[in-house]
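Right, one structure below, let's go through it.
Letters A, B, C, D, E, F, G, H, I and J mark the chains as written, and numbering starts fresh at 1 in each.
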Amino acid sequence: MLYLVHMQVNIPDTLPKAEADRLKADEKAYAQKLQQAGTWRHLWRVAGQYANYSVFDVAGNDALHETLTALPLYPYMSIQVTPLAQHPSAIAAN
Amino acid sequence: MLYLVHMQVNIPDTLPKAEADRLKADEKAYAQKLQQAGTWRHLWRVAGQYANYSVFDVAGNDALHETLTALPLYPYMSIQVTPLAQHPSAIAAN
Amino acid sequence: MLYLVHMQVNIPDTLPKAEADRLKADEKAYAQKLQQAGTWRHLWRVAGQYANYSVFDVAGNDALHETLTALPLYPYMSIQVTPLAQHPSAIAAN
Amino acid sequence: MLYLVHMQVNIPDTLPKAEADRLKADEKAYAQKLQQAGTWRHLWRVAGQYANYSVFDVAGNDALHETLTALPLYPYMSIQVTPLAQHPSAIAAN
Amino acid sequence: MLYLVHMQVNIPDTLPKAEADRLKADEKAYAQKLQQAGTWRHLWRVAGQYANYSVFDVAGNDALHETLTALPLYPYMSIQVTPLAQHPSAIAAN
Amino acid sequence: MLYLVHMQVNIPDTLPKAEADRLKADEKAYAQKLQQAGTWRHLWRVAGQYANYSVFDVAGNDALHETLTALPLYPYMSIQVTPLAQHPSAIAAN
Amino acid sequence: MLYLVHMQVNIPDTLPKAEADRLKADEKAYAQKLQQAGTWRHLWRVAGQYANYSVFDVAGNDALHETLTALPLYPYMSIQVTPLAQHPSAIAAN
Amino acid sequence: MLYLVHMQVNIPDTLPKAEADRLKADEKAYAQKLQQAGTWRHLWRVAGQYANYSVFDVAGNDALHETLTALPLYPYMSIQVTPLAQHPSAIAAN
Amino acid sequence: MLYLVHMQVNIPDTLPKAEADRLKADEKAYAQKLQQAGTWRHLWRVAGQYANYSVFDVAGNDALHETLTALPLYPYMSIQVTPLAQHPSAIAAN
Amino acid sequence: MLYLVHMQVNIPDTLPKAEADRLKADEKAYAQKLQQAGTWRHLWRVAGQYANYSVFDVAGNDALHETLTALPLYPYMSIQVTPLAQHPSAIAAN
């Protein structure tokens, strides 16, 4: 089941740089692991912003919530979720 | 080059049903042709709304504009465009 | 799987009263059938508005979309969907 | 009498972790006590956010205010209240 | 129990003037009857707008909804409700 | 002359608790004095929020501004003012 | 007493041109009479819009409301009122 | 050439009081000098807020920008500019 | 003097097509004449929308207002104006 | 390919002045280098604000993102991007 997720990252100035760097590295590793597993189906940068639009393929709302709250940068993100359904004109199944 | 496009359809009551049906059929054919060509890379329905999120792969802003304004339902759509860039953590190229 | 759904009804003046009355009766029958089936788990009126907050229990995004677009008053509704997950402090399962 | 309540939690970085953990534990205990008493009728997590939608069943506006301001995390919450009325198509009484 | 209610009136051009005048007269009579009964405790015009802020004293959410939907101009109003509680610094009971 | 005033209180974490308590006590005393004088005609708590809706009866815009800026908690408030006029259907004079 | 007033004019297509022209002429005559009387102290066009910002000098909220609702184009205006007070750094009295 | 300018002042708690007082005194002196010169034509307090609406009479956009950025409190202001044109019903030239 | 202008075109369904076509042709001719004269310095289409961002070089607010209200499609446009000043890092004069 | 970019600068009080000055100098040098290269085609100050509207001419979304994130002040900017297409009435090519 697919969800469009918009994530905006706001890392505060008060977070030490080393800690921020560690979180970003963890985030990247986590993101790539989930992409390889097919859970994080798409990951695009919003041009000009520290934000992304992503598409997740998960079993449902609970799985989505668990996946997102496990993001290393989750405490510094503002997240919006849009549930996606099959479009009748789409040539591919969701 | 990828763009996330949000389309909200608002067909007015004053449009005769036959004309609306014809436009919807044309829209579907056009959408499927563009999907097969790889231009309209993704097409998802927003759950609960007469709206979609789509991803277009086009040569640039002009090609995107031409593609969108050629939509049979374009005169009845409210459209928002978000340009997408390669995300450094993405495992696939855009 | 639960979704909170906000529906605002805007029936235009141009719809003949007999047609509006028929749609409202159909809507009521449909709503009660879905409630009895357990799909439409909660239905509350927003005080002072021709609007409701509802909770649907469906298999996922596609089932939700099909259920909502089948509402007799769907063409005259503005709908917002919020996917709900299990809250760790809730004493009941969703 | 029912109210839909949206709570968004924003715990500042400056709150010591031990204090935050204590508040969260208190919040959970309080939430479960009120759920068992029937006051906090529903508690759902908003998928992807540190937020919830809840339904409270209280004697009225004063009781609701007292209940909400007694939440251990109340100082760190942004709260919106929607009063709910009986929907004419609902098969259950509020 | 008190509620602050904001009502904005939007009578469409398509409503015949005689019908609009009748509705306004009915609205005035209804408003004055409820004021005399103590239900519609305050009624103020928003300066410069066809809108009012009102305070209603009713048994609860259901009574409020019934009172508001019985307004003769209700179909042409946009209404927002704010539930009010006793303020600890107020010298009068609500 | 009446004004509806919405006050939202945002006391920062950095204000020492003793200072905040003193300001709140001053605010309460000031509010009660103005209510007894008839200047602060109504004071209601917004259910679920650290906010109030109030009605002030003052000589005009200057008197209102002086009254509000003299609030002990004024530096920590976000204030919105709505000027009120006599409603033609009101049975009481403003 | 001064008020800043923002007026946005939205004359519908359905109003016959002769009627619209008559209303505009009446509006102009009324505006000039009030300016000469000192009630309508300033009248400025918002560049690029069918809108104005005005300053009215009236006895209070009731007088302002009467003045504004007597505007010939009032039924086609969206109006926002901001009450103005004496600024401590102003060299002129309001 | 006239511009309506809305200034909202937000002095942070972290600014030492002596520095804030000095800036406010400088701001007042600067405002009065510009008023006497005719550049800052009007200065009104927004009732209930630490904000003002002002009208500036300057040679153009560059002069306006230079005037506003020279305000001693400029670093702590949120500013909105509306360019004003001659209104055809105004009896005075801008 | 430069202004950034955002124009959104909303031609109603009720305008006869021939009239709309005539207005669009007039608009194009007018736009090209002003571009050749240097008044309408830039004209860009917003990708995916019936809207444009333009830069006008005019003598001031009055000239801008006259230029914009003379647009053949002006009655069907929603226009927002942003006055532009010389940027200190720009290598070209405005 | 052209993009309209709105940048709003928010340098926090906590950034040491010397560091802020260095970043501003770097920003200016970078901006001028890109202008000379033709990448940063236009740069205008928004009158009254620490903000600018710019037009960039780059190969596409990725080049735009790289260019913007390389801005020395990027970490302190809020950026909005609008992709621009050729306008059919423009006399110059984008």
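Convention: a residue touches a chain if its C-beta (ideal position, glycine included) is under 8 Å from a C-beta of that chain, and two chains touch if they have at least 3 such contacts.
Fair warning: this is a prediction, and the values are worked out from it, not measured in the lab.
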Partner chains shared by chain D and chain G (touch criterion as defined above): E, F
Chain whose mean Cα position lies farthest from chain B: F
Contact-richer chain pair (by C-beta pairs counted) among B-C and G-H: G-H
Distance between the centres, which are taken as Cα means, of chain D and chain B, whole angstrom: 40
Separation of chain F from chain G, taking each centre as the mean of its C-alpha atoms, in whole Å: 29
Chain centre separation in whole Å, for chain J relative to chain E (CA means): 50
Where chain D and chain H are represented by their mean Cα positions, the distance between them in whole Å: 44
Numbers and ranges of chain G residues touching at least 2 other chains: 2-3, 45, 47-48, 61-62, 64-65, 81, 83-86, 94
Arrangement of touching chains [line / ring / star / complete / other]: other
Pairs of chains, among all present, that meet the touch criterion: A-B, A-C, A-D, A-J, B-C, B-I, B-J, C-D, C-E, D-E, D-F, E-F, E-G, F-G, F-H, G-H, G-I, H-I, H-J, I-J
Of chain H, residues touching chain F in the complex: 13, 45, 47-49
Of chain F, residues touching chain G in the complex: 1-3, 60-62, 64-66, 81, 83-86, 94
Chain G-facing residues of chain H, complex: 2, 4, 27-28, 31-32, 35-36, 42-48, 52-53, 55, 82-92, 94
Footprint of chain J on chain H - complex, ascending: 3, 5, 12, 14-15, 61-62, 64-65, 68-69, 79-81
